[in-house]
Amino acid sequence: MDNIGKTAALITLANEEERSQLISTARSFNYQVCTGKVGTMDPGKIISAMMTAAKRENIWDGVSFRQEHALYDAMKEALSGICRGQIALHEIYLSVGLSFTIVCGQMPTHKSEGKWVAVCLYGTIGAPIKGFEHEAIGLGINHI
Amino acid sequence: MDNIGKTAALITLANEEERSQLISTARSFNYQVCTGKVGTMDPGKIISAMMTAAKRENIWDGVSFRQEHALYDAMKEALSGICRGQIALHEIYLSVGLSFTIVCGQMPTHKSEGKWVAVCLYGTIGAPIKGFEHEAIGLGINHI
Amino acid sequence: MDNIGKTAALITLANEEERSQLISTARSFNYQVCTGKVGTMDPGKIISAMMTAAKRENIWDGVSFRQEHALYDAMKEALSGICRGQIALHEIYLSVGLSFTIVCGQMPTHKSEGKWVAVCLYGTIGAPIKGFEHEAIGLGINHI
Amino acid sequence: MDNIGKTAALITLANEEERSQLISTARSFNYQVCTGKVGTMDPGKIISAMMTAAKRENIWDGVSFRQEHALYDAMKEALSGICRGQIALHEIYLSVGLSFTIVCGQMPTHKSEGKWVAVCLYGTIGAPIKGFEHEAIGLGINHI
Amino acid sequence: MDNIGKTAALITLANEEERSQLISTARSFNYQVCTGKVGTMDPGKIISAMMTAAKRENIWDGVSFRQEHALYDAMKEALSGICRGQIALHEIYLSVGLSFTIVCGQMPTHKSEGKWVAVCLYGTIGAPIKGFEHEAIGLGINHI
Amino acid sequence: MDNIGKTAALITLANEEERSQLISTARSFNYQVCTGKVGTMDPGKIISAMMTAAKRENIWDGVSFRQEHALYDAMKEALSGICRGQIALHEIYLSVGLSFTIVCGQMPTHKSEGKWVAVCLYGTIGAPIKGFEHEAIGLGINHI
């Protein structure tokens, strides 16, 4: 049983066919999982797309500020990895095409520490012109 | 054939047994690969450990400034993902235990664009006390 | 007689009724004081709202670049405290509702060092949805 | 009954005599409160001084990673306000003399959202030579 | 024969009449040179204006991702010098009026290390009101 | 008569022989000028070397906090240009060899705005191994 961060990263990196299998395995370990895609030049839209997905999958109940706060900070940390430092896209002439995975559950390394959330982003970043982009990854983890 | 960033990430996330298999596959695609581990509170030591590994595996020939410059920037970007923004460890009371992978070769998505390098770091970050840490990941990519 | 930073912070944190009393006391110590409120997702609007208030209260004469430069840097430092690092709001899906106070005068700890300015911001920051926000504070100080 | 951030800020800004009164009032609202002082050129020492104080007052039980993680992030955010952006002291020839307050409890604005923690730092920052310093403040808030 | 960074800086700092002479000298050393001007509150526009100029002068062939990636990173580094840290303009109520120079060629200090590029920006930064601005400079260097 | 930033930059970029001539010209325009060199992996040492030089040349009288504060902020901004973002050297395995110039006086573009200071740093940055470095420049400007 992989920890939540590795689980989120492997699902995000997976091809379509592998992804469903990895998600099923993760759920069998009582992890909540949601995935999605977003392409944009606005980092705020990445956060709001992930919040919508988290709500749809009931990782966020849509009401709890506590859960929203935990998710928000994990998402912002994942964005720091994508942007490799300062969070900015159109401001510095960049565009992204990203897959994301949110995994929520107990960390096998910290069984008695309640639920945690891992947010992973993986895809491409580059100038807003097809072909001028390379891969990027980001991972944020928080207690929820 | 996976792109260099995904290849570097999957090798870094792998267990010992899977790792050798993934490295062999990557090398069969003409990727150069080196891996290693580093535990420290000093980000500079992470960079110098990776440079030493890159030189050992001949990804860096130890003489070319051009190669060193390309590797350095990719390593710094990977560190930004680990630190999720500002690069700092002991300064803000943090310690890391990380595995790293460096993959060097042609990007399958950009066959005519020469060699590129991907640096991936994965492991744990937290207070310098056993048990107070969670996972982190970082990926940097550059032309070399 | 409190220093300019503490004076600015206590006025900003005060309830309406306490605020007038604290401002009167500050003015009796020859401090210039102005206060205001701003709610936005654009950090630039916070700076321009504070500049307008500073001009109205004659802390900035509206002509001097020297004064404007001193105020600007203090305002940007206060914004760093609100954003806790990188200055960004809508870019990372955040909104603020803030009170601000600008206090200008001699520092009692540095009587011979001419006039200084303190800019304090206090209020709430969070997702642009009512209820998903918590408190934040920022203070910037500069010679003017 | 003030919110946790304002409570932490007012206690940190208070004179010795006012402080005990403000702490008593805060405790009567079921807030846990601890205070302390730290002077240093090393931001990591500020975090470790606050962790020690939090443990002494049982805001951190010394065992829970979940609590430690919540406190750590709030402390780092408070340090961002003191440093007004990048967290660094001796690296950029700065020294601080700070009081701190940690307040833990339910937010009156979010009664059903469980316990939160507010960390406030206030004092002086400047060159490591007596007299070359001015005030700074920082506040971090997190769910715990 | 000056190095590429000094060459780019001296051309950018020069008056109109001196500039043509400095460019001719640089070209006689086999440096490729392009210059331009840009005034904006949007850092992304500075990057896209420089890319357009680089393409016009054939420093970027308009097709190579490798060249574009090298130029982009050098441009972003030059912008960090203009903004003195975080890259942001309208977000923090700032406007710039800048000249830029891109110099491409072998570094005389590193003859065997292939081609490098230097990007220099120099001009004024300040509030978006005439007269409230001072000088700023930035230089980025990368292997290409 | 060049503005203070351009004056500081041209002196810093100059060869030894040109430098004395440029300094004489600058002084004939009533600019105060001091220059120096510093090689280090510690950014704090760059600031303290420049403060010592400023005091020796009486740009800082060694007593005024106001002057020290103005110089400090200009120095930190110049360091941001050298480090191209986050200020860090040994932390991220970097070393610098820099010349610096401090110019103090009235800005010809803002005659009625009192004295300002420009701090320019120029030299090389890279791994702490001879030959693995390229040029960098930084400029900070403040009212004094």
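So that you can tell them apart, the chains are marked A, B, C, D, E and F in the order they are listed, and the count of residues begins at 1 in each.
Keep in mind that, in the parts below, a contact is a pair of C-beta atoms (placed from the backbone, for glycine too) under 8 Å apart; a residue touches a chain by one contact, two chains touch by 3 or more.
Here the structure is a predicted model, which means the values were calculated and not measured.
Chemist: Chains shared as neighbours by chain C and chain D?
Modeler: Common neighbours, chain C/chain D: A, B, E, F.
Chemist: Report the chain whose CA-based centre is farthest from the CA-based centre of chain D.
Modeler: E
Chemist: For C-D, which listed pair, A-E, E-F or B-C, repeats its interface with over half of the contact pairs the same?
Modeler: E-F
Chemist: Averaging only over C-alpha atoms, locate the centres of chain D and chain E and give their separation in whole Å.
Modeler: 43
Chemist: Quick one: chain D and chain F, Cα centre-to-centre, how many Å?
Modeler: The mean C-alpha positions of chain D and chain F differ by 36 Å.
Chemist: Return the distance between the CA-based centres of chain A and chain B, expressed in whole Å.
Modeler: Averaging C-alpha atoms per chain gives centres 21 Å apart.
Chemist: Per the centroid of Cα atoms for each chain, what is the distance between chain C and chain F, given in Å?
Modeler: 30
Chemist: Where does chain D touch two or more other chains at once, residue-wise?
Modeler: Within chain D, the residues that touch at least two other chains are 65, 69, 85-86, 88, 91, 110, 131, 134.
Chemist: Can you name the residues of chain C that touch chain E in the complex?
Modeler: 42-44, 47-48, 51, 65, 68-69, 72, 76, 79, 86-88, 91
Chemist: Can you list the residues on chain F that touch chain E in the complex?
Modeler: Answer in residue numbers: 3-6, 9-10, 13, 77, 80-81, 84-86, 107, 110, 116, 118, 120, 122, 131, 134-141.
Chemist: Okay, in this complex, where on chain C does chain F touch?
Modeler: Those residues of chain C that touch chain F are 64-66, 69-70, 73, 110, 113-114, 142-143.
Chemist: Chain D touches which residues of chain B in the complex?
Modeler: 86, 88, 90-93, 126-127, 131-132, 134
Chemist: Within the complex, which stretch of chain E touches chain D?
Modeler: Answer in residue numbers: 85-86.
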